[in-house]
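To keep things simple, chains are lettered A, B, C and D as they appear, and every chain counts its residues starting from 1.
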Amino acid sequence: MKKTEKAKAIAKKPSTGIVLGKGSRALRLSSPVMTASGTFGYGLEFSPYMKLEKLGAICVKGLSLRPREGNPPPRTVETPCGMLNAIGLQNVGVDVFIDSKLPKLRKYKTKVIANIFGETASEYAELAKRLDDAKGVHALEINISCPNVKKGGMAFGTDPKEAARVVRAVRAVTGKHVMTKLSPNVTDIRVMARAVEDAGSDSISLINTLTGMAIDINKRRPVLTTKIGGLSGPAIKPVALRMVWEAAGVVKIPVVGIGGIVTAEDAIEFLLAGASAVQVGTANFLTPNASEKVADGIAAYMKKHNIGSVRKLVGALN
Amino acid sequence: MKKTEKAKAIAKKPSTGIVLGKGSRALRLSSPVMTASGTFGYGLEFSPYMKLEKLGAICVKGLSLRPREGNPPPRTVETPCGMLNAIGLQNVGVDVFIDSKLPKLRKYKTKVIANIFGETASEYAELAKRLDDAKGVHALEINISCPNVKKGGMAFGTDPKEAARVVRAVRAVTGKHVMTKLSPNVTDIRVMARAVEDAGSDSISLINTLTGMAIDINKRRPVLTTKIGGLSGPAIKPVALRMVWEAAGVVKIPVVGIGGIVTAEDAIEFLLAGASAVQVGTANFLTPNASEKVADGIAAYMKKHNIGSVRKLVGALN
Amino acid sequence: MKEAIIIENKALGADYFLISLKWALAPKVRPGQFVMLRVTGSMDPLLRRPFSVYNTDGDTVELLYKVVGKGTTILSSLNPGDDVDLLGPLGKGFSIPGGMLGKSRLLMVAGGVGIAPFYHLGRSIKDSDCDNLLIYGARTKRDTVVVKPFKDIGVKIKIATEDGSRGTKGLVTGLLESEMHCGDIVYACGPSLMLKAVAEMAEDKGVRCLVSLERAMACGIGVCLGCALRTVSHRPGRVLKDDRTYQMVCSDGPVFDSRDVDWDKI
Amino acid sequence: MKEAIIIENKALGADYFLISLKWALAPKVRPGQFVMLRVTGSMDPLLRRPFSVYNTDGDTVELLYKVVGKGTTILSSLNPGDDVDLLGPLGKGFSIPGGMLGKSRLLMVAGGVGIAPFYHLGRSIKDSDCDNLLIYGARTKRDTVVVKPFKDIGVKIKIATEDGSRGTKGLVTGLLESEMHCGDIVYACGPSLMLKAVAEMAEDKGVRCLVSLERAMACGIGVCLGCALRTVSHRPGRVLKDDRTYQMVCSDGPVFDSRDVDWDKI
């Protein structure tokens, strides 16, 4: 390739960069593709399978103040085009994360989002405080929508007032970008989206899992010991897409689309519906480099359709 | 076979009969398997493919006061393990149904449930009145949960007060069994279930479709002209099962389970979760005799596990 | 829904395949009818896929298909001996308008895989007296995968390819302009835009024209009401508004009189 | 996740199959490790399926599997030349407790398809001095599908069938009673209840016992935290409560020291 041709090729390369939010709390992503919390470990586990740098960000497994041991097994069960999980937020706790996971993660040139979960608003605030000066954490994702724990979790995610309370508590103690992750188990997602926007969230991500159930007809028992679990995977994509489209229609802050994304085509549907970025979840289990493939596929689509910047795709329905 | 052996065999044949509700409004079904409204036409279309008598009941396509032409195409799109539809309740109208469909349906030895839909509570009542003395209609299913029409529909299905108002209006004018069909697009299905029970519903059926969306990334348009449609099929089964289990836990009236049932195993999950009967929907498109197979499969399971009556399966979780 | 056993599943090039199936209901199929095929026992893809019947012979049915997505990819990977689940025959198929057979020339117009139903039709009319003609449009020479079979049954055929690599260069409509004559009956199958153009031309010339349409289908038997087509006709039993009506492509069609179709809303 | 090509997919009877795959990573597999196999490009079944590696030979890997449901049914329908997607090798596999190799006798105990990992193990230890023994339990003679391969590599084998149609009548634990001796190392794979019984017997006799466990798995690489096993050990990095700990069968196992397993909660 001659020099000028090379320059042209580079000029033509579509820009996949996207900025979520504004000012000092802007989250600058080199790609609109992130990985969803709980499906990508602490990121490091995937380095043998893909280039982590291809990702805009990694959302790590939900963190709580103290380590949590999670629910008794069985914790997962396959369903048609989906799976139910009831992990129960097993995690090493925020301190171990900061001390022993984060230093290794910092070596990778990708953003890190800490997904946090508390049983009270002040626990959320405490988590945010501890992470506020953790080097290498670029944003906090408030998980107000986990169906698999008894206290907090879902309650915060289905009541707009409670949700706003958590967001305000976190907002008050951190200068980092705050992303609030919404639960789909509500009558009107727009109400929730507006509530967390008003409370000061810099962005919203959705959807977390739909609550569901599976029964073992031979044992005549729910398969999961918790009876109910969270449904994820391609099965939920149409619901997720609808909610992202609805939420994006009523808030000004950026929206991150999650739910059943396996291919670049899936991700593009979410971008067109109004998401500024996406998270790949369950697909990481099917193909450890699924998120990388999604990122590559979006770039290829942009090239094919002559779309210079990923921003031009966001909400670009005819 | 000798006479005594035959008698024994008959005695051993498990009883699949089930009675929904009490007194004069009891709905006596020979099988817990029905077909879901909108997926089985007016029943007659399936007689070439199966024995309609195998069914406990047939729920016919949603009926409105006046004929409705439905939504512009495309009206359906496949999704992972599911489909979205936005038929828009195209139907011949209640009068044509009574005059020209019902007489033919009466010839089959199975119960007929008329699924009704109005834009106001008084339209529901008017429908119920017209059907009240229609010979061959054994129950009314109130559809307060159709996502595919602009007026009424979902609003009735997501607000417990509105739902109760519709049920009371119908209850006031009919002596027939009233089954109320709930929408899954709510934060707490138990609130809806209790509201319609208190309003006088004889039974509840759930779930109707989850609202969802699909986007054509080449045309950059929602696939459905209505943008949003109703998600059905195996994909929604875990959500449906969870909601049936939750609803059955809080009401005393019988619950009819719907959502993604394809096989007898699926149906048995619903029975164990607390449903007294089930409806087979989208599966009728995959296999026109799916409902017959489900009915046969339940009987086989009962035989294998030595369960004398289908009632013993209802809610029989260990 | 009777099981069918694959006898052969032959790649014809350019993503086309011809599949032969042993199927008890094969003798019942009339030209222009279709079947709904379930390519897998899995729930993804969930729905059956519609395919026109290309040919029948005793208890064998043949389908000509093009690989375009999930379902057809799976179908193309199946082997002789595998079984698939066929529902059909479905739809009304081509019907020769009353009394015209033998008196009118049939002008068959096919675009791409729209050629599929014409072989069966061609065989069924091959003893007619008229000088029937098939006009076959495709993108390139590679896409004209079934020319010889038509020649073998004595159907006259003219070809148009977009790049001119076989036959006339251009679209079928170009060829049609000179070939469509008063008194012909036109049967057309192919992309919607082609059908629309053919229908307009037929209307201009006052020629009867039947079109075979495609729609996303869930049930194939007229019950889901998914495959609605806006028509301007007033067949009984359908709901009207603004003088239009929805008919079902699967059960009222897939073949429609071109004058009945609301081409603005296709 | 490297693509693998099917070389052979042989029915062994009684729903068992032996599949041979050409797979670049085959040489890396250690005995007792497993792979996660994606049987279809479709989204149903969604998840990969875990299978122990039965054997490796150059760039060939062999899996012994039993058809029990959706995924294994699809797998059994695949043909030579088809490709499948393998993730692995995964898990820690069997490790010979420090310094015991060559000094202790290996007593392999297999129940049903639990035989799978032992062929690879058997081959890897076949040059050891000890008089190793495989005890193989199955329901009936028909289910004892891989006896000869073990004999061919010189592994001594004793069989128990539930109906007595081959070998001793009864469960493997019956045979074990007389075969398990102090100083042996027991490696066991099979149904949980069998493993529990074997573990108890080993504990009674003071014999080291490693068990290979199964769990529903989503990721296979330790990230979904789905395949939790309650253990009584205190390995670092795990969360404790009431002195117990969850370990992941996929990444901490699938082989565990039987004393570490909380058998009450299996």
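Everything that follows uses one rule, which is that a residue touches a chain if its C-beta (ideal position, glycine included) is under 8 Å from a C-beta of that chain, and two chains touch if they have at least 3 such contacts.
Keep in mind that this is a model prediction, so the values were computed, not measured.
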Sort the other chains by how far their Cα centres are from that of chain A and give me the top one.
-> C
Looking only at C-beta pairs in contact, point me to the busier pair out of B-C and A-C.
-> B-C
Please compute the C-alpha centroid of chain C, do the same for chain D, then give the distance between them in whole Å.
-> 54
With chain centres taken as the means of their Cα atoms, state the distance from chain B to chain C in Å.
-> 36
Where chain B and chain D are represented by their mean Cα positions, the distance between them in whole Å = 46
Tell me, which residues of chain C touch at least two other chains?
-> 43-45
What residues in chain B touch two or more of the other chains?
-> 79-82, 233-234
If each chain is a dot and touching chains are joined, what shape do you get: line, ring, star, complete or other?
-> complete
Note which residues of chain A are touching chain D in the complex, please.
-> 38-41, 45-46, 49, 61, 67-70, 72-83, 85, 87, 90-93, 233-234, 262, 282, 284-289
Quick one: in the complex, what on chain B touches chain D?
-> 80-81, 234
Once bound in the complex, which stretches of chain D touch chain A?
-> 1, 38, 43-48, 85, 87, 215-230, 237, 239-241, 245-246, 265
Within their complex, state which residues of chain A touch chain B.
-> 79-82, 84, 158, 185-188, 210-215, 217, 219-222, 227-228, 231, 233-239, 241-242, 245, 260, 265, 268-269, 272-273, 301, 316-318
Flag every residue of chain C that touches chain A in the complex, lowest number first.
-> 43-44
